[in-house]
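Labels run A, B, C, D and E following the written order; every chain starts at residue 1.
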């Protein structure tokens, strides 16, 4: 067990180091996130009453798209330099190694994204109960995005066309988006958001238990 | 001259072949674009009066975002397999070769995107004068997106810390978005859109003349 | 009894049969070179041996068990080094070695500097691999066979990009490993200089 | 008069001076091998010669003109083949060759099949490179020196991944090119077999 | 225990390509007959016998295409995912073939339901398309199908493609309950479940019975077209086995 924990942290450390070395990979999606948010007033005109209504939706959409942009980094470089073969052939379960990689992705992308999202929410003066709902849904939702995203990346990595990835991933993200938006809308009008939180937690638990196994299987399939 | 034209078409053909090798490659960006459009009603709730107001803005933003996600493909694989060195060291001006690559990107991505955008507009019953403005702005705007995008990608491809530059250039998309949205809004209320079209055409001409040179220079900087 | 053995193996790629009915046994201390021209299937055979691609027919056994059935058991007894180095350009030599060492499952303490020295990269501990030459990268990748306890090594063109001295170091390590009861299967187009250690051969393809 | 010459060249990488005060001249028919251990700066020198990296000091001249000043002139007289093949995995051999041929600026009609045959890839015209072996890919990449009219070839470890026969083909081509008045600069760790054609050497690094 | 074994053996026999090739021929023959009968009965009942709706007039008759097509779209997806899963776990070739060939059929049903729904929407809601949860999530199902097909074509090796597709289909199955329950979870314009209204007088028997026929017709149509596709692919897959060669020889003898 201890040995497994150790190898988990070795891989986690490795991926975190890589992310911090290559800062653009880590900051670009965040910048992308902010820029998307800035685009909306430009596109919708600056009718502030209208925009206010849309803010939380905009934040969530931007988060989703920024995730799409960041996902490929989970496996791409490993695929290209042959590291992925070495991970597959290691003496440890691939599921474990994959979990570490996904954790690293969430730490370097999901977590900062939540912080930036909250800051943006503050700047755009989102009311506090909406803000809380936003925080909770992002906390529960972004790990799911990383986890499910990893499966699709594993399936499509190295196949021609990065588009294929986005095509596969967005439909799979819909449930998370739908429940999160429901929660935020309910919170805005002062209703309970317990049901949505249960749903999101359920999805998260499901994703945590099943996604790494599936990702490992997908990687093996992709490599064979 | 004829020789230059010939090499332009060789590179164009090469990049188109690469894009079309995979049959689904052609449809993927389009579906991706549509999926982004679907995200909005999910995130904004289904208040149809509100959504109707936003439709053309949503279409333009989706086009912009889809472009962002598609851009890296212009140079990434060339960078990884050493082709870019060979292009740089060829006896032909790099500007010419880069133009061919950007053209290929627009043909495989921008053009289909315009078609799908129009179809989407039809289904969402965008009024016809708005539709026309949408068509014109997309025709003038998407090549600019490809051209400017190429500079960014050339600067940042495979690079650590290139993010700052990408940050400087991404806002260059803003003018295109602003003028396009102005045109669409004016068209919707029945006003003339001549001014915006002049501006967009100006930007396009500027981009066509300057972007390939800049991209070539950026590539050389990147490789040295 | 042979520890690693292959029975009636067949390899089909691009609808061509590259080889079929391939059999061989490897005992303790066995050193096996796979020969053949470019495209004859050497890499494919090695990838099959480690389970990266599936054989269309035949079986590969480790200690008498099919490697598909005891995958992690086999993987913990085996080290593979392919055409690509399997190292990260954005990590330093030491960081790369730490990861490789951890993945090998060897739990002993290892002095990375001394291994780098053995492999001719003294003083390059903290240099990013992206700033190393082709041969230096290859050496870092090869350092994994200095840090593993596994019995079976499978090396695909280990001498690519290495200079004469680098080649000698690896040759000596291979012989040492086999002498100590290990096993090595490798493919190379270069001539091995191993001072009389018995070398088995498999020839793939029609030409020899 | 020497056609390609290098004056007082210095190379600094990672704050180390790899070499300095390097001079050499290459006449028509000159064949030059760059020697040196891994990391001694062979690839760096070749990259400087083609203008991919800038020398910190010294100059490189082609026909008496600094290559920085007449870049396209030099580039049209030169063919470079580096560590990476510079071919697209998702194109077939023929498609790759078409692009390479067009980029080389040679306007003669070329029979791609016959070149593939010469280079030992007969019948693989329409196979994607992603479905070829390491050596086969390398051969497709090397096919560019069969399709160019340029005088100067710069080859970085051209024999990597090639089998003995492939190596011989390239060696013969190099000798043929030099005999016809061309020039070749290359780096390799393997022994050249060129039947007595005069071979010049540059040694980089301290060890020999 | 012995029952389990029997089942097991039967399953493997059924899944063997040759046996399946033979038996599917018989099944598809019956299925096509049932399909035609139900189709005629359903159309006659739905378009001619059933009375016009007191609210919707004649436009409700699109229901006889829309509802079965929508149900089939969901059903086929589940079949695809389950078959894919079986192929993934037990490496049964037949299951892989069934999964792969269900995708285009399912996508077509989805498309049909979308188009018929849109046409129906015009008189009902005054617009071809509204962004409500049911419609949106159903559109997403369409993209799931297309994504599956795109993934299939991105791989060169069909067996690898089948396994990759199975993973995607299994992950995507979370969308099915969302589509189904969307009318309950969100206030939408779309109609609620018909089945739950059977004991209430909202849906008249003379409207319901033709619908049942149409549903049967769609289902048997799926079975038939799937089997035709599967049989073709079995032949492709097994083209160098002795039984297919024998089959070809027999066929040539017959035609000569």
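Operating definition for what follows: contacts are C-beta pairs under 8 Å (C-beta built on N, C-alpha and C of every residue); 3 or more make two chains touch, one makes a residue touch a chain.
Predicted, not measured: the structure shown is a model, and the values here were computed from it.
K.L.:
What are the chains that subunit B and subunit E both touch?
P.N.:
The shared contacts of subunit B and subunit E, listed by label, come to A.
K.L.:
Note whether the interface between subunit C and subunit D is symmetric in residue numbering, meaning over half of all numbers used appear on both sides, and answer same or different.
P.N.:
Same-residue interface.
K.L.:
Counting only C-alpha atoms to place each centre, which chain is farthest from subunit A?
P.N.:
D
K.L.:
Measuring between mean CA coordinates, which chain is farthest from subunit C?
P.N.:
E
K.L.:
Which pairing of chains accounts for the highest number of C-beta contacts?
P.N.:
More C-beta pairs are in contact between A-B than between any other chains.
K.L.:
Rounded to a whole Å, what is the gap between the Cα centroids of subunit A and subunit B?
P.N.:
Chain centres of subunit A and subunit B, defined by C-alpha means, are spaced 25 Å apart.
K.L.:
Quick one: report the Å distance separating subunit B from subunit C, using the average Cα coordinate of each chain.
P.N.:
Distance between chain centres: 46 Å.
K.L.:
List the centre-to-centre spacing of subunit A and subunit C in whole Å, with centres computed as mean CA coordinates.
P.N.:
Each chain reduced to its C-alpha mean, subunit A and subunit C end up 37 Å apart.
K.L.:
Provide the C-alpha centroid distance between subunit C and subunit D, rounded to the nearest whole angstrom.
P.N.:
30
K.L.:
Where in subunit B do residues touch two or more of the other chains?
P.N.:
In subunit B, residues 18, 21-22, 24, 28, 31, 35, 42, 160 touch at least two other chains, as defined above.
K.L.:
Mark out which residues of subunit E touch at least two other chains, giving numbers and ranges.
P.N.:
Correct list: 133, 140, 143, 146-147, 150, 154.
K.L.:
By residue number and range, which residues of subunit D touch two or more other chains?
P.N.:
As it turns out, subunit D has residues touching two or more other chains at 83, 90.
K.L.:
Which chains are in touch, pair by pair?
P.N.:
Listed by label, chains in contact pair as A-B, A-C, A-E, B-D, B-E, C-D.
K.L.:
For a test of understanding, state which residues of subunit D touch subunit B in their complex under the given definition.
P.N.:
50-54, 72, 75-76, 78, 80, 82-91, 95, 98-100, 102-105, 107
K.L.:
Show me the residue ranges of subunit A that touch subunit B in the complex, using the header's touch definition.
P.N.:
21-25, 27-28, 31-32, 35-36, 39-40, 42-45, 50, 53-54, 57-58, 60-61, 64-65, 68-69, 80, 159-164, 166-167, 170-171, 174, 177-178, 181, 185
K.L.:
Any idea which subunit C residues touch subunit D in the complex?
P.N.:
Per the touch definition, subunit C meets subunit D at residues 13-14, 36-39, 41-44, 83, 120, 127, 131-136, 138-139, 157, 160-167, 189-190, 207.
K.L.:
For the complex, give me every residue of subunit A touching subunit C.
P.N.:
3, 6-7, 10-11, 14, 17-18, 21-22, 77, 81-83, 85-93, 223-224
K.L.:
Looking at the complex, which residues from subunit E come into contact with subunit A?
P.N.:
It comes out as residues 88, 133, 137, 140-141, 143-144, 146-147, 150-151, 154-155, 160, 163-164, 167-168, 170-172, 174-175, 178, 186.
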